[in-house]
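Each of the next two complexes has subunit A plus one more chain, namely subunit B in the first and subunit C in the second.
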Partner chain A sequence: MTDVQVRPGPGLVAADGVPPPIRRRRKWRRGFTAWLFMLPLIAVNVLVVVGPSIATIYYSMTDWTGLGPASFIGLDNYRHAFADSAFREALIHNFEWLGLFLVVPGALGLLGSYLLSQIKRFQILFRTIFFIPYVIASVVNAAVWQNLLSPTTGIGPHVGINTAFFGNPSTSLMSVNFVVDWHWWGFLAVIFLAAMQSVDPELYDAAKVDGAGRWQQYRYITLPGIRPTLVFLGLMTVIWSLKSFDYVFIITKGGPAGSSEVVTTLMYREAFNEYRAGYAASLGLSLAFATAIVLAIYEILRRRRGWES
Partner chain B sequence: MTTSISRRGFLAGTGLTALGLALPTSLLTACSSGGGGDLKLWMDIMGTANQKYFDDKVVAQFQKDTKLKLNTTYYQGQDLRRLIQTALQAKSGPDIVRGASATQTLAWSQAHLLADLSEYEKKYGWSDKLLTWAINAFTQDGKLWAMPMRVDTMLLYYNKTLFGQKGWKLPTNKDELEALAEEAHGNGIIPFGATNVDWTAGPEWLMTVFWNHYSGPDALYQALTGQVQWTDPVFVEAVELIKTYFDKGWFGGGTDKYFSVPSQQMGASFGAGKVAMFPQGEWWMSAVGAFFGKKANNSNQWDWAPFPALQDGVAFPLYELGIGGSLGINAASKNKDHAAEFLNWYYTNRQQALQRMADVPATYNLPIQFSDADIPSGIDPRSKRLLTALNKAVDDGNYGYVTWTWWPPKSDVFVYQGLEKVLTGKMTPKDYCAQLNTTFQQESKTGALPQIIKRGSTQ
Partner chain C sequence: MTLQLARRRVPSLFPYYVLLLVLALFVLTPLATLLFNALKSNAQIGANPIAPPTKFTLSNFSQAWTDGNFAVTMRNSLIICLGSMAGVCVISGLAAFAMSHLDLPGRGGVATYLFLVSAMPAQLFLVPLFFTWTRLHLVDNLFGLILIYWATDAPFATLLLRSFLLKIPRDFLEAARLDGATTLQALTRVVLPIAAPGFLTVALISGLWSWNEFFWAITFIHDPNLRPVSTSFLAFQDENSANWALISAAALFMVLPVLVLFLVLQRRFVNGLTAGGLR
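Up next is the complex of A and B:
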C-alpha cells in the first residue's frame, strides 16, 4: 500500500490554515461550552416553568381537590368550564376589563405625554408626579382608593354622592378598573413622552412649513413616530389585562356576588375555597388559550398592517 | 478583550454553580422538614399587643415549663389556611397545625396530612379534660385528628350608652327587635352593624344567627343529620327574613355598603353611636373595646346580649355552639412527640388556661371543663358572663350550631358565597336553599360531616 500524503487543497483548508477536523472539533467544543454555561439556566427553567406547566396540564385533567391524590377524569373539567356560568361571566369581565384598560389609560397617557411635551419648565416635576402611582405598591393604592371612595368616610358623602362604588354590583368592576387605570396611565404617559422625544424635530418643522396644524402634526407625525412603542405597550396591556388579579383580589375579592370576578380570582376561589384545584388548573389553561388567541390576532394585524414599521 | 478559560477552571466553575444551586435547595428542604430541634407553629393572631401576649404567656411559658423551643410565625387569618394547606400538601410547614373549621380539619385528615392523635389522647387523657362534644367534632372513625381550639358563639353587641340615652330595652323576640330596628333607622342610626369587606365569610355569621334563631336548632340538627332537607320552608323563610332586613337598610346601612365599608369604619360608627347593635362572634370581644372610650375619643360603653328568638318556639336565650379552629400535628413532622407535648401543655395546664381566658376576652376560650367558680377573678365581667352563659346553655340544652363547624367545607363556602347572590338579587332564597341542599347531600355522602353535638343537655 502506498503511503500517499494528501496535500490540503484550497477547498480543504480554511483561510486561517486550520484543517477541517480541528475546526469542527473547535466548533463543537465552543457549542458544547455554550450549552454547559446555559445548563444551569435551563435546569432552573425546567424546574420552575416547564415542570409546573406540565403538572398544570396534568392536573387540569384530574379531580384534584388540592389535597391528597388526584384521579384522571379526561376533559371533564374543560366541559364543565364551558357550561359554567361563573367562568363565562368572569371571562366576559376580563374582556370588559381589557377594553377599558386598552382605551382609558392609553388615551390619558397619550394626552398627558403630549401636554408634557409642550412644556419645558417643570416637565421633570410633572413626569415624577405622573409616575408616582406606578411605583406605589398595589395594596397601598387599593387602600387609598377604598378610603377615597368609601360611602361613609370618602369624598362622595362630602359632595352629596351616596354611592358605594365597590359594593354595588353594577359599578364594582368599573370602579376597580378605574383604580388600575389611575395606577397605570402615568407610566404610559412617561413612556410615550420618551418615545415622542425621539421623533425627528425636522419633521415637525417641515410640517409647519406645509401649513399643518397641531392636530395634523400629532396625527401624521407624532402617532406614526411612536407606533412601535404604542404597539408594544398595547401587546403588554392585552397580556396584563387577561391575567389581572391583584387589585380585584385586594379591593373586592371578585364580589359582590361575582360582579367583579375575573378568571384569575375565580381560579383562586375554586382552588382554595371550593377545593377544586384540578378545575382551577383547567380554568388557568383555558385563560392561557384565550390569551393566545387574542395575541395571535394582534400579531396577525401587526404584521399585515405593518404597525411596527 | 477575550478571556480564555481552562477546562479545569470551567469544570470547577460549573461544579461551584451546581453547588450554589443545590445548597439553597437542601437548606430549604432542611428548614421545611422541621426535623428534630425547634417546634414550629404558624398562627393567625393579629395586632402587636395580641401577639406579644401569645409570645409571653404561651410561647415563653411553654419554653420555660418544658425546655422545648417553639418558633411562632404570625399570618393574617385568611392567608394562614391557604399557606398551611399548601405547605401540608408539600409535606412541609409547621409541626403544630392551626386548622380552620372542624370540617376543614377532617378534609385534611382524609388526605393524610394530619397525624392521628389517638395515642397521645390516651397517653395524656385529653378526653377527660376537654368537653366531649368538642373532642367528638374532631374525631372520625375513632381517631382524633386535632384539638378544638376555641368555643365559638354569636352575640348581639350593642352600644350600651346609646341604648341608655334612647331608653331602649334589649329585644328578646322578633317583634321587639323589629320595633327597635325601625326606631333606630328612623333616627338615622344603622340598626345592625355588618360588613364582609375584611372577611368574605362574614355572611355565614348572619346565616348562622338567622337559621338558629328563626329556623331553630332542632330543625338544624335534623337537616345536618339528613332527616330533613335544606329546602324546607323553615330554612327558606330565614333567608327571606335576612334579605328583607337588608332591603330595608337595617344591616350595615344597605347591601352596597355592607360590601364596601371596612370593618374598622363600621366599628368606629358603632362606637360613635351611629350603629346601634352589631351581630358578631364572641371573638370580637377582644377587639370591640378599641371603638369605645378614650381610645376612640368617645365616652360610650359597649355590652352584649343573646340574640332574640325570631320565631315562637325557639328558646331564648339560645347560644349557637361551634369551634373556632383547631390545633393538630403535621403528618410530615419529625417532631410529633414534642408537638403533642405542646398540645398537652396548652390544654391541660388548667390554671394557666383559665388565666388566659380571663386576661384576653373570648380569645382563649378553650373547650375545657370548668365551673363558674373556677373563673379567675379580675376577668372582665362581660367576658365572665359569656363563660357562665355558655356553661349554662350546654347544661340546659339551649344551644345551636354554627355553620363553620358543623357544615361540610363546600356547603359552608356556599353558605356565604351564595348569600351574597341572594342579597344582591341574583338568586332567590328558595334557589339558594335548593343549591345548598344539593351540595350538602353530595358532601354528606363522602363522609365530610363531623360528629354533631346532639340535642339535649350535654357536656
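Up next is the complex of A and C:
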C-alpha cells in the first residue's frame, strides 16, 4: 500500500495533527480488528447457544417428535403445560427445592465464613477443606451419599433407622437436596469470607471503640458490608434452583413416582424418552423465561437501591 | 484504663475451633468413607460402613480398573479435558483481549451478554442442539462434546480473563505496536506472558468443569468406548449396584487427579471459582 500524503487545508487539522476522516477510518479499523478477535467466541456461541435457542422458540410451537417434520400448532404446548399435572408438580418441587437451597447452604455458608473470619491460625486449612466437595464430581458425591444413606448398606441400619431416604416418596426430594447442600455450602462460605475480607477494617476498629461486641459487629458492619454479594448469590440461587438437574437425575431420576421430579428432569424425559421434543422445547423456553424475569427483577432492584457497590 | 484493659479478657477462640472442626468433619467423614471403602472388602463395609479398614486390600482398584474400562474412559476424559482447556483459553483469551485492550465497540453490552448467556439454563437450547448435533454427526463424537464445552465455558472464562487483562497497562501494548508488532503479536508476546497466571486459572477451571461435567456428557455420548469418566462411572455404579468397595475404588480414579491438583493449586482454583460470585 502506498502512502498518499494528504496535505490538509486549514481547519481540517485536529489537535493531534491527524485529519478527522483518517482518524475516523482508523477508529473504524480498530473496531473491526477488535470484533475479529471476538469472532471465535461469537462463532461457537451462535452455533451452540444462540442458534438453537432461537430454534427452541419455533419448535416450542410445534408437535415435533425430534425426528422428521414438525407441524405448527401455535400455543398448544403451553396450554398443555398449564393443564399438565406432572409439570405443575415438578414446578412445586422446584419451589420447595429453592426454599431449602436458599436456607440450608446459605445458613451454613454464613456460619462457616463467620467462624473462618474470626480465626487466623488454620484459616487456610479449614477454607480448603470446606471447598473440597465443590471440586468433586456430582456423580461421585451422589455415590458417596447413596452409600451412606442406603437402607441396607448405609449408616441407618447401624443406628436403628431403615428409611430408604432416596427411595421413599416423602423424603426423596429433601434427601437429594441435602446432598446438593452438602456439596455447595463450603463454596458459599469461601465466597462470603472473600467478601468479608474486603470490608473496610477501620469500620470494625470504630465499632470496637464504641464498645460493640462480636455479634453487633457482625450484624451492623459485616452483613451490610457483604450485602451486594449476598443479594447476587441469592439471585443466582433462584436461577440455580430452576436449573438443577444433575443430582436429581443421577440419584433418583425424578422418582419414585415423580416425588423428586423437577422441571429439568421432566423436560429431559419428554424430549428423549417420550419423543415430545416440541413440548420439551416449550418447557425449556418457560424455564428460560422464568430466569429472565428473575434477572430483570434483580436489575431493577440493583438500580433503584444502588446495590452495585 | 490500663487496669480495665487488663481485666477484659481476650475472648477465647476455643468454641470457634470446635465448631470449625465439626463442620470439617461433616465434610471429610463422607469423603473418608470413600477411601476406606475402596480399601475394604464388601463384607467389611456391610459390618460397618464408616470404620477404617482393618485388613487392606488393593484388589478393588485393579478389578474396578479393568471392569469399568477405565483405561479407555480416563483417556477420553483427558482428551476432552485438554481440548476444552486449550480451546477455552484461546477463544476467551482473544475475546478478553479485545474487550480490555482493543476498544471493542459496544464492550459494555458484550459483557452483559456474556453474563446473561452463562446464567441462562441449558434447557433453553438443549433440544434443537441435540438434533442439530445428530445431523452433523457430532453426537458420540468427542469433538462434538468439546465444542459444547467451548461455547458454554467461554463466556465465564472471558469475563474472568478480562479482569486479569484490565490490570495490564495499555502503554505496554502501545510500546509493542511502536516496535512494529501486529495486534496478535502484541497479544502473544506482551500480554500472554504477563497474564499467564490468569490463563492458568482459566485453564484449571475449564479443565475441572469438563472433567466433572455430567449433563452434556450423558446426553451427547452414548457409545461406551467414547464415554468420559463421569458417565462411565455412573454406568459402572449401576452394573455393580451395592458393591461399594468396587464403586468407591472407581470413584477414586475420578477424584484423585482433581484432588491432588486442587490441593497443590488451591489458591488459583478458589480465586478463580469464587470470582464469579463476587460482584
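Definition applied: the second predicted complex is superposed on the first by the 285 of 309 C-alpha atoms of A that agree within 3 Å, B and C clash if a C-alpha of one lies under 4 Å from a C-alpha of the other, contacts with A are read in each partner's own complex, and residues count from 1 in each chain.
The rule we apply is simple: contacts are C-beta pairs under 8 Å (C-beta built on N, C-alpha and C of every residue); 3 or more make two chains touch, one makes a residue touch a chain.
All of these numbers come straight from a predicted model, not from anything done at the bench.
J.: So, does A:Pro20 touch the first partner subunit B, the second partner subunit C, both, or neither?
T.: Touch status of A:Pro20: no partner.
J.: Contact-wise, after the overlay, does A:Ile136 reach subunit B, subunit C, both or neither (first, second, both, neither)?
T.: Touch status of A:Ile136: second partner only.
J.: Which of the two partners, first being subunit B and second being subunit C, lies in contact with A:Glu274: first, second, both, or neither?
T.: first
J.: Looking at A:Gly66, would you say it contacts subunit B, subunit C, both, or neither? Reply first, second, both or neither.
T.: both
J.: Classify the contacts of A:Ala257 with the two partner chains as first (subunit B alone), second (subunit C alone), both, or neither.
T.: So A:Ala257 only meets subunit B here.
J.: Between subunit B and subunit C, whom does A:Pro224 touch in the aligned arrangement: first, second, both, or neither?
T.: neither
J.: When the two structures are laid over each other on chain A, which of subunit B and subunit C touches more residues of subunit A?
T.: C
J.: Have a look at where A:Pro169 lands relative to subunit B and subunit C in the superposition and call it first, second, both or neither.
T.: In the superposition, A:Pro169 touches subunit B alone.
J.: Taking the superposition as given, does A:Pro52 touch the first partner, subunit B, the second, subunit C, both, or neither?
T.: second
J.: Kindly classify A:Trp145 by the partners it touches after superposition: subunit B alone (first), subunit C alone (second), both, or neither?
T.: Only subunit C is touched by A:Trp145; subunit B is not.
J.: Pick out the shared contact residues on subunit A: the ones touching subunit B in one complex and subunit C in the other.
T.: Correct list for subunit A: 33, 39-40, 44, 66, 150, 152-153, 272.
J.: Looking at the complex, which residues from subunit A come into contact with subunit B?
T.: It is residues 33, 36, 39-40, 43-44, 65-68, 146, 149-153, 163-169, 172, 252-253, 255-259, 272-275 of subunit A that touch subunit B.
J.: Provide the residue numbers of subunit C that touch subunit A in the complex, in ascending order.
T.: Those in contact with subunit A are residues 11, 13, 16-17, 19-20, 23-24, 26-28, 30-31, 33-34, 37, 45-46, 48-50, 90-92, 94-95, 97-99, 102-105, 110, 116-117, 119-132, 147-148, 150-152, 154-155, 158, 183, 208, 211-212, 214-215, 218-219, 229-231, 233-234, 237, 242, 244, 247-248, 251, 254-255, 258-259, 262-263, 266, 269-270, 273-274, 277-279.
J.: Where on subunit B does subunit A make contact in their complex?
T.: Of all residues in subunit B, those touching subunit A are 10, 14, 17-18, 21, 81-82, 85, 88-89, 107-108, 110-113, 196, 200, 253-262, 265, 269, 409-410, 413, 417, 420-421, 423-424, 426.
J.: What part of subunit A is in contact with subunit C in the complex they form?
T.: That would be residues 30-31, 33-35, 37-41, 44-45, 47-53, 55-56, 59, 66, 108, 111-112, 115-116, 118-119, 122, 126-140, 143-145, 147-148, 150, 152-155, 158, 182, 186-188, 190-191, 194-195, 214, 228-229, 232-233, 236, 239, 242-243, 245-246, 249-250, 263-264, 267-268, 271-272, 277, 280-281, 283-285, 287-288, 291, 295 of subunit A.
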